[in-house]
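These notes open a run of structures that come right after.
You will see subunit A twice below: alongside subunit B first, and alongside subunit C after that.
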Partner chain A sequence: MSATLFGQSVLSGLFSGCLYGLLGLGLTLSWRFLRIINLAHFGLIFLAAYLTYHFVQSRGVSPLLAGAGLVPLFFGLGVAQQWLFIRFRVSELPSVIVTFGLTIIIEALIQWIWSADFVRLETHLVRGSLKIGSLLAPWDELIMGGFAVASCVAVWAYLNFTWAGKALRASLDDPDIAAAFGVPNRRLALVVSGAAAAFAAMGGVFVALLYTLTPSQIYSWLGVVIAVVLLGGLGRPLGVLAAGLLVGVAEAVTMALVEPAWAPIAPFSLLIAVLVLWPERI
Partner chain B sequence: MAAGGASIATTLAAKYSTLLWLAAALVLFAALPLAHPPLFFESFLYLIFFWIALATSWAILSGFTGYVSFGHGAFYGVGMYAMADLGPRLPLPVALLAGGALAALLGICIGAVVFRVRRLRGELFALLTLALAIVLATIVLNTPIDGGPGVFLSDVRPPKIYSNASSTIYLAGASVAIASLAVAWLIQRSKFGRGLFAISDDEDVAEILGVPTFASKLAAIAISSFIAGVIGAVHAVFVSYVTVGETFSISVPLFVLMMSVLGGARRWWGPAIGAILVTTLSYSFVSGDFALAARALIGLTLVLASLFLPEGVAGLVEKARRAWRPTAASQAPAAEPRIAALRPDPARLDTKTPALLEARNVRLAFRGVQALDGVDLIIRQGEILGLVGPNGSGKSTLINVLSGLYKADSGQVILEGRDLSLTPGHLRARLGVARTFQIPRPFARQSVLDNAMIPAMFGASALDSAAARKGAMEALRFVGLAERADAMPAMLNLHQRKFLELARALASDAKLIMLDEVLAGLTPREIADAVDMVRRIHARGATILFVEHNMRAVLELTDRLIVMNRGRLIADGPPHDVVRDPAVVAAYLGAPHAEG
Partner chain C sequence: MGTGDCTAVGVTRREAFAAGAGFALAAAGIGTVAGQTAGAPVRVGGTLALTGPLAQTGAIHKVVGEIFIEQTNQAGGMLGRPIEWVLLDDQSKPDLARTFYERLITVDKVDLLMGPYATANILSAMAVAQRFNKILVHHTFGIPKLANYDKHFPAWPLGPEPEKTMPAAVFDALASVGKTPKTVAIVTSKFPSVQFIAAGAREIAKQRGVAEALYLEFEFGNRDFGPIAARVREADADLLFVGAIGLVGSQLLEALDQLNHAPKNHYYVYPTPGPLASSPLGANALAATAYEDLAPLNASPVAMEFSKLFHAAAAKANLPYVAPDTQAGTSYAAWQMLTEAVNATKSLDDQALADYLKKNGADTIVGKYRFDGPNNYGPDLMKVKQVQDAAWDIVWPKELATPGKTILGK
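Moving on, here comes the complex of A and B:
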């Protein structure tokens, strides 16, 4: 295999890694700070992707504009979902079941509106690719990577350097004590859930831009993104990005050196190794 | 003689009536093909049996122990591919058993690796099993086991029992489903099953009370994956064409999860109810838009069921049933506790009294903090040994090490001359070591009586369930909780929950009972009660390690007092002398300034 081909596959691995990071960001936040394993996150991602497809393809809206509309809308959906979970005191394990139910409903909804056929958006944000030496980096992928890195860094900074971020971490350690010091737990929880759903919307826009869509693909993203979230360490925005990149590159290298069909081995072997060797890390 | 035999037969029949009912159901379903029902009806019933078997197998692991598996697709997939590979070469029953055995082998290997990590959080186990299923799918897809295109089972020819071979598969499905229900029923009412339920409520406490948690979890995953493997093998013949995509798809474990949650995963018959409901529901809407509506309906059912029916249909039925029948405890005679007048002779203070338990140079560090810094300690037969020390001095850590909850970095723990250093907690409980927890940790989803039965069955007394019920009831009467035997722990106040801790220690019939701050948080009156209780427990013949902050109680109760500070023993002797020891005063109040 030539060095260029190998470099190209590592590069594409980095790009899919960025997307894993972006898709995992909302999941890792709600998992750590809300103790909700939100499988509906994947439903929301695909709902956003299909809405993007719909507005861009049939109404001619630019994808970025569609995203700008979807992000606040999904923020509201996330808030509503968390409000429901607080109201019914849904805890960690039942949350898997409830949110899986929500995912099935969203999947059925998507299939009802857009059918189970494959659809592909024939639009680009910026046509063409950036040439780096002999390697090609498509502009759309670069823009997606930029959004992913910026989002993860922004959330990291928010958690570490703002009053709200510190309050959030305090309320995680002991919600009652934090509340006694004036931390508005409930409002913070609603904001976290809203933000997670907003990141799902952002991820969905890029999934629509870069991939062929079909409703059942919701589940093919689920496994690998959960693996990335766990590898990165729950609630760590930079961790999820790093783990995403690691998994993306590992997959790409497996595809290039072994065979494409062996690619799923990489992330899950990594995950199993981490879970068995350092269970306390997660 | 004949009458005696008949009465034994009636008792046995009453005891195992559920099994008789299941056997009758099997006979009925097995006879069904004789009536020549329409073909689709047989295959519909087969599908119900298939899901009953799979959901029940899932519940034996995940419902009973609380470790949710997303990997049941893997166990079932092993069975499917085993049949695809071995079916053409072996007789059908042998191939079925081989599928089950291979799946069980996989389950045991996973369990041996995963369950070794104690307190692996439930959701991590779930995701680990999910990951394993994906890895397995990748391996099967890329090796000659499948290779990509899927495998046809046209060479597998099931023997004809009725006029056509598909009835044989129907029969196999019915047998496996009903057998798995019987197994789940047997487990639920067995000692092993009680251990599993204890694990799902609080694994550490279960271990300390004598439940062999590792072995139990391993057995549960083995049984569960065996059943999943067998039904997978049956299903391979039914579908007659297996592919990786269908076999290892995430929807199999999720459907199973949904059925169990809907039906109630902590009852042996719950998953079957869920399986019947969901299968019927999705079978009624198989075509076109209805299929989509059915999917949405299934999603909605999942959401609503977990919000409004946390224990499933079975939980609801059980609750209704409990409301109907009168409570058992109110009928129990309120007999006076029998207190054996077994106060040991006053010579127990003698240093020649043999040691019951001995710690030698025990050390334990947590990330650099030396919690135990070389503790040497002797607890003598029959004494009440007091242990005091400032907060953070290592008292609770010491109890955790002695009871086997923590493993010491170095040093030895010796019980009656036997080195326990490598002995796991449940074996220590078996040998007669019991403890209470400072913050009571009852099994939240079991009644007060069931809570006390666990140590009676698994502790030093090792009683069968009838005797354990009696022993537990006696322990509850001893601590004054007999009237609350049917209550759930959440309905008890702190004082009663602390006494439930005592009752559990008593029910195990332990030689050594370690009491970790039983008085903390109690009112003065309750303290007087508790002190009296400790005295009566001691009078029954138990040796007691009494860890406490309340000095008055310590001076009143103990024969000897030891003091810990910063992970070391700093004093040992008659209580009234020890409290005047300058080192002890300094540990509590700081070193005196100047000469004094």
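Moving on, here comes the complex of A and C:
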């Protein structure tokens, strides 16, 4: 295998990893801070992807502008979802069933509106690729990677260096004591859920730009992104990004060195290895 | 549509009234006139993948079935009775297909069966049909050697050994214009009905002295084609043979384009037709086909009428590709087969229908089917098509090529 092939594969894996990180970011936040295993996150990603497709393909809106509209809209959806979960006291384990049901509803809605057939956005943010020596980095993927890294770093900084972030962590440790110190637990939960859905919208814009869409593909992302979230550690934005990159590169190198058919084994092998060797991480 | 949801297609209120009136007339000894249906409906049961990963193609078969039933009912129905299609959503799952065919036979007590979509689901339905000794006409079975039930009748006209005939047709077509490849890169999804064709292509290439520069398999549903494209680029073969189903071909071409690479000659087994034809990257792409809305295949009045109806119905159903191609053509052919057997035998008896088809074959828009070979497979009716000027043309065999078109090779 040539150095170019290896380098190109690693580059491709890094881009996949960035997307895994971006898609896992909202999930890890709601899992850790809300104790909601929100499978509907994947439904929201694809709803955002289809809405991006719709606005860009049919209305000629730029993808970034579509994203700018979708992010606040989805923030609102996330807030509404969490309000309902609080209202009906949905806890961690039941949330799996409830949010899986929501995912099925979203899938049916997507199929009803856009049909079950494949759709593909024929638009690029920037056409072509950046040449790095003998390697080529597509501009769309570079931009996606930039958004993913920036989002993960921003959330990490928010959690660690702002009063709200510290309050959120305090609320997680002991909500009653945190409330006694003036931490608005309920409002923070709504904000976290809104932010998670907003990240789903951002991820959806890039899924629409980079991939072909069919409603049933919602489930094809589920396994690998959950593996990335667990590998990265719940509630750790930089962890999820690092785990995404690790999984993405492992998949890509497996494809290049061994067989593409073996690539799906990579994330779960890593997950099992971490579970065995470093169980306190998860 | 959830598990077990049932759609009955074909009997409108007006037809029900007509059927009731016809029944009264028949009871009074007065016959029906041409174009009218009378009596209880002939119930044809089947499932389709209306949801799940195969739903995008299942939708085509639903549209075609509805067209055929409406046409047939307007023309007097089956044996003078209206047809009713009892359609269930198998959610793309073979286990559900098996359960639902059992239900169609034992609970819904349908008169006839129509197959589901996709090889695995058909195989499940076939086992049930065999247990109840029912005839099973189906449209999309991809692995002939697995279908050993004597009352199954396939409309996907592969011939008994597509793993040999399909790759051979590609090499023959290229050889006909002096472009026999010296090297081939074979890249395939592990989806069963394309994987075995790709494996067959290895053998055919070997027999013809074409060097194998690359052979790769990837999982059905693979998303990341970057590393695969990097390997294809490095192999740089004269022919890229892709065991493609759905959008795999388009995804691979996009990944290759991002690496500034375009294959010299490229073939895709069962691609989604629209995106390959409309994208500049799909120029000169080759693919297998059984039917296209092109001369000479669409020249008959039946095919022309079907084409008109399909365009309208597909647009109404929000399908992105509204021209009838292999999926739509073979789907229509399956309904034609079943109807021809019923009309010719004037019977709904499974044995009588199977005997008729086995002996006479069937005339359809796809061509003349025969079921006299191994596992009820007759002659290979598949063709090779190519994207030329952003549209598909049939280029092989020569006698069925779109007038004025020949294969373009590099």
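Operating definition for what follows: the second predicted complex is superposed on the first by the 282 of 282 C-alpha atoms of A that agree within 3 Å, B and C clash if a C-alpha of one lies under 4 Å from a C-alpha of the other, contacts with A are read in each partner's own complex, and residues count from 1 in each chain.
Here is the rule we go by: a contact is a pair of C-beta atoms (placed from the backbone, for glycine too) under 8 Å apart; a residue touches a chain by one contact, two chains touch by 3 or more.
Here the structure is a predicted model, which means the values were calculated and not measured.
*Asks:* Based on the superposed arrangement around subunit A, label subunit B with subunit C as either clash or fit.
*Replies:* Verdict on subunit A: clash between subunit B and subunit C.
*Asks:* State whether A:Pro138 touches subunit B only (first), subunit C only (second), both chains, or neither.
*Replies:* It touches subunit C, and subunit B stays clear.
*Asks:* Let me test your reading of the model: by the given contact rule, A:Gln111 touches which partner, first (subunit B), second (subunit C), both or neither?
*Replies:* both
*Asks:* Is A:Leu230 touching the first partner subunit B, the second partner subunit C, both, or neither of them?
*Replies:* first
*Asks:* After lining up the shared chain so the two structures overlap, which partner does A:Thr212 touch, if you call subunit B first and subunit C second: first, second, both or neither?
*Replies:* A:Thr212 contacts subunit C only, not subunit B.
*Asks:* Could you look at A:Arg120 and tell me whether it touches subunit B, subunit C, both or neither (first, second, both, neither)?
*Replies:* So A:Arg120 only meets subunit C here.
*Asks:* Let me test your reading of the model: by the given contact rule, A:Met255 touches which partner, first (subunit B), second (subunit C), both or neither?
*Replies:* In the superposition, A:Met255 contacts subunit C only.
*Asks:* Determine, under the contact definition given at the top, whether A:Val98 touches first (subunit B), second (subunit C), both, or neither.
*Replies:* After superposition on chain A, A:Val98 lies in contact with subunit B alone.
*Asks:* Could you tell me if A:Leu222 is touching subunit B, subunit C, both of them or neither one (first, second, both, neither)?
*Replies:* In the superposed model, A:Leu222 contacts subunit B only, not subunit C.
*Asks:* Contacts for A:Leu5 in the overlay, against subunit B (first) and subunit C (second): which applies, first, second, both or neither?
*Replies:* A:Leu5 contacts subunit C only, not subunit B.
*Asks:* Pick out the stretch of subunit B that clashes with subunit C after the overlay, from 37-45, 181-189, 307-315 or 577-585.
*Replies:* The answer is stretch 37-45.
*Asks:* Would you please give the residues of subunit A that touch subunit B in one complex and also touch subunit C in the other complex?
*Replies:* Overlap of subunit B and subunit C footprints on subunit A: residues 107-108, 111, 259, 261, 264.
*Asks:* Can you name the residues of subunit C that touch subunit A in the complex?
*Replies:* Going through subunit C, the ones touching subunit A are 50-53, 55-56, 58-59, 92, 190, 216-219, 221-224, 226-228, 230-231, 234, 246-247, 250-251, 258-260, 272, 275, 279, 317-321.
*Asks:* Within the complex, which stretch of subunit B touches subunit A?
*Replies:* The touching residues are 68, 113-114, 117, 120, 122-124, 126-128, 130-132, 134-135, 137-139, 141-142, 148, 249-251, 254, 257-258, 261, 289, 292-293, 295-296, 298-303, 306-307, 310.
*Asks:* Please give the residue numbers of subunit A that touch subunit B in the complex, ascending.
*Replies:* Those residues of subunit A that touch subunit B are 37, 88, 90, 92-94, 96-98, 100-105, 107-109, 111-112, 219, 222-223, 226-227, 230, 259, 261-262, 264-265, 268-269, 271-272, 275-276, 279, 282.
*Asks:* Can you list the subunit A residues touching subunit C in their complex?
*Replies:* Interface residues on the subunit A side: 2, 4-5, 8-9, 11-13, 15-16, 107-108, 111, 114-120, 122, 129, 136, 138, 211-212, 214-217, 220-221, 248, 251-253, 255-256, 259-261, 263-264.
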